[in-house]
Amino acid sequence: MNNIALGQYVDGKSIIHKLDPRTKLLSLMLLMVSVFLIPKPVNNSFGRLASFVMLLVFAVIILIIVLFTKISLLKYLNSLKQLAFLFVFTFIIQLLTPQGDKILIPNLNLNLSILGLGIILLWIILFIIFRKFIPCKLIVFLILTCLSIYLLTYDLGYSFTTVTLNLYEDGLFNGAFFFMRIFLVIMLSTVLTLTTKPTDLTSAIEWYLHPLTYLKINVSIFAMIISLALRFIPTLFNETGKILKAQSSRGVDFKEGTLKQQIGQIISLLIPMLVISFKRAADLADAMEARGYIPGAPRSKLNVMKFSLSDLFSFIVTIVIVTSIIVVSVI
Amino acid sequence: MKVRFNNVNFSYDEESVVLKNFNLTINDGEMVAILGHNGSGKSTIAKIMMGLLEVSSGEIYINDKLLSQETIDECRNHMSIIFQNPDNQFVGVTVKDDIAFGLENKNLPREVMEERIHKYLKLVSMEDFIDHAPEELSGGQKQRVAIAGALALECELMIFDESTSMLDPKGTKEVNEMIKKIKKENNKTIIVITHDLEEASYADRIIVLNNGFVVADGTPKEVFKNELVLEASGLKTMESVSIIHNLKNKEYKNKSLIEEALWELTFNE
Amino acid sequence: MGINFQRVNYKYSYNAPLTLKEVSLEISEKNEFICILGHTGSGKSTLVQNMNALLLPTSGQITVFDKNVIKVVKHPYKLNTKKNRLKYNFIDNKKLFARGNKVIYSSHLKDLRKHIGLVFQFPEYQLFESTVLKDVMFGPKNFGLSDEEARLEAKKACTIVGLPKDVLEKSPFSLSGGQMRRVAIAGIIALNPDVIVLDEPTVGLDPKGKDELMSLLVNIQKETSKTIIMITHDMNVVGKYAKRVIVMDQGKLVFDGNKRDLFGNIERLHKFNLDLPTSANLAVKLKEKGLINYTHLPLSKEELETVILGGDINE
């Protein structure tokens, strides 16, 4: 309640945690890029095999990294879960796009009949109504989707049009390929967010943006803004909770009322939040100025990022992986 | 550290004047309490000194140096301030980062920073919380971190601007203990801005403000006796003093002894 | 009957420690002036937020004006898991149905908030309307009053809290801190609740503002004989005004009774981490020196003066 963890950072003492955030950021970025460098499965069995073997090797590498972080796999699954719809969506789109010449299932006739669509509509409505009570929403949704497609292949009569779909073999492979690709990229970014404190990430980004100072863009001010935001978001979040409760005691109920009333109720939350934020900002500006902060002036740093041996090692490993991917894909 | 206000005028807008022809001298090594009701202009004085507000007319001398746009950064180097709201002055994401903030601004090398952080966190007995986030600390603890941050700047003057008014009794006690400790151990000029007379009772000198005027200036004993002035300034004198005053014209057993004892108790806590 | 807690437990989330532990208490609907004491984190705020259903008990039963507050079961299909049984008191729920008690569902909690008005800490931060009057009207309008009725209630409330008439059309943000707080309190009084609960109403005010607010509350209590419950840290306030004192310590209700009982036992008081009021402290020290004598410990300045003059305190 009082502790809203910002970001997904999980405290730990693993090798991955201890890496310099700059190394981590760059290495993981490079790895992500190289995932995208893996060529799309070409239209022959060897090409396909090569692509999927590469993906598999990559998956193993990521699994090793994940095991090194010593964070439970559940945390990773959680962040994947949020994007599950994206996975399914890309897969289906790929499956239905005409590509290549081999057709897996030819002439899949979907009869758009009043009865069929009516049943599907009913399913959707029921799904939305009982959403709260359905365990494993996603699986139920998938089953329902498959069932609807299956249902549509039957001619229930009164159909006004028929859509003919072809499922291509390449589509199946490409779908699987894109599915894996997104999966790997998300795993990599999750490794980064789970093992790096938001503040460390900010300083790493600040370091990489350093060349911009030669263009007279003051990077340190942006870094200060981000770190202050990171500091105050939990505080303001708590504050919102308090205001919400205070207005609830004055009869605010966000669930009921006409639209006009609801707008009034949202204003009763927004204005106090604005007032509080401005007051905090003014106080904070005073406090920072009083402690000698001059925007843009040179400042020393307490937390200096150190490039250690393990950083060098992991960076070399990354480079090796990236180059081998490039070499293999060129061949 | 000497501070002198010379004929200072200040107002936020044209309607209300906060300070009018304000004169005040604070001497080196003194602990001064500035008392006044909310809106009496007492916090304004602190902000003017720190160069956070600009005066309409008049001069402020910090160590005989005129405070102006050019000298502001140098003058700030001699002073530090602890504000009212513990949350709004906590800049760092952790205790360590927060104390480092002021030191980083001064461009100090890392070793010096590390050393000072540990030294002053120990002084305020917060060394066990070095890696804690502000949300994990109580109000009193946050104020102690702010005090450590101010001490770490090693300046000669410390201002406590109602730094206990948002705390619970435990936090208030913690902060007041800290102020007493700093007064005793460090040779610093201290200004405590408050409306709590108990907090003011251990100062060397008390100044009472009302509507931008100094209405009383003297030792705690002198000021506390002046119940009418305090009352008129929206303040309440200490209970013990008030009892002496109320019963002045009445006869009771052991009168002189009780009066003496009550005076003693006023300053013994 | 006003508010009744029976073995109420509360925790903020499933694996958090209990913030309220087996709290049972009864507060009558009229003529009470209760101070709730306890240091930060003792569960005082959680306790009062349970009173007007901003928080719902993890287990136990809260009855407010003869209606029960019950948490609605959200995931019936998960009921058999151990986690869920702890989280939602389904069994109690059924029993209550069987007894034919009226049940307040979460959607009806608004009705309950009409009975119990809760003023939060630093309530001036909840102001948002363009004028003071409109802000005070906001609450009554939410509870279904027409504009006219709400205006009438709001004006009445503003008079009760002693806001001058010329302030009503001003923006609440142009007022001083003390006045803003009065506006916020008026916003609750305008709901005409049976019980007024205040969470540290005097914090941040200067001594004069504190005194004014306290005498205001005492006057409201005297004139309307509504029950007033307030959380406070100020022992002087307790010594002077409280009729009944409740002490919370680590989520448990450790004391419920007369203030003279509480302050009479100094050893126990220190165990609760509480102090004596200033005058009681003075009295103890004066007695130690043999200068005064009393049978009942004086708890306020006035009482101490009586004792010094040689009188005694009447109960």
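Lettered A, B and C in written order, each chain numbered from 1.
Operating definition for what follows: a residue touches a chain if its C-beta (ideal position, glycine included) is under 8 Å from a C-beta of that chain, and two chains touch if they have at least 3 such contacts.
Predicted model only: the values in this text are computed from it and were never measured.
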Both-way neighbours, i.e. chains that touch subunit C and touch subunit B: A
By mean Cα position, the chain sitting nearest the middle: C
Chain of greatest Cα-centre distance to subunit C: A
Interface with more contacting C-beta pairs, comparing A-B to A-C: A-B
Intercentroid distance (Cα basis), subunit C paired with subunit B, Å: 32
Geometric centre distance via CA averages, subunit B-subunit A, whole Å: 49
Distance from the mean Cα position of subunit C to that of subunit A, given in whole angstrom: 45
Touching two or more other chains - residue numbers and ranges from subunit A: none
Of all residues in subunit B, the ones touching two or more other chains: none
Touching residues (chain side subunit B, partner subunit C) in the complex: 37-39, 138-139, 165-166, 168-171, 195-196, 234-236, 239-240, 242-243, 246-247, 250, 252-254, 257-258, 261-262, 265
Of subunit B, residues touching subunit A in the complex: 47, 50-52, 73, 76-77, 79-81, 83, 85, 87-93, 96-97, 100-110, 113-114, 117, 133-136, 149-150, 153
Subunit B partner contacts - residues on subunit C that touch it in the complex: 39-41, 176-178, 203-209, 211, 233, 236, 273, 275, 278-279, 282, 285-286, 289, 291-292, 301, 304-305, 308-310
Touch list for subunit C against partner subunit A, complex: 12-13, 16, 49, 52, 54, 74-78, 107, 110, 113-114, 117-120, 123, 125-128, 138-139, 142-143, 173, 187-188, 191
Parts of subunit A lying in touch with subunit C, wherever the complex brings them together: 1, 132-133, 135, 242-243, 245-253, 255-256, 261, 264-265, 267-268, 270-272, 275-276
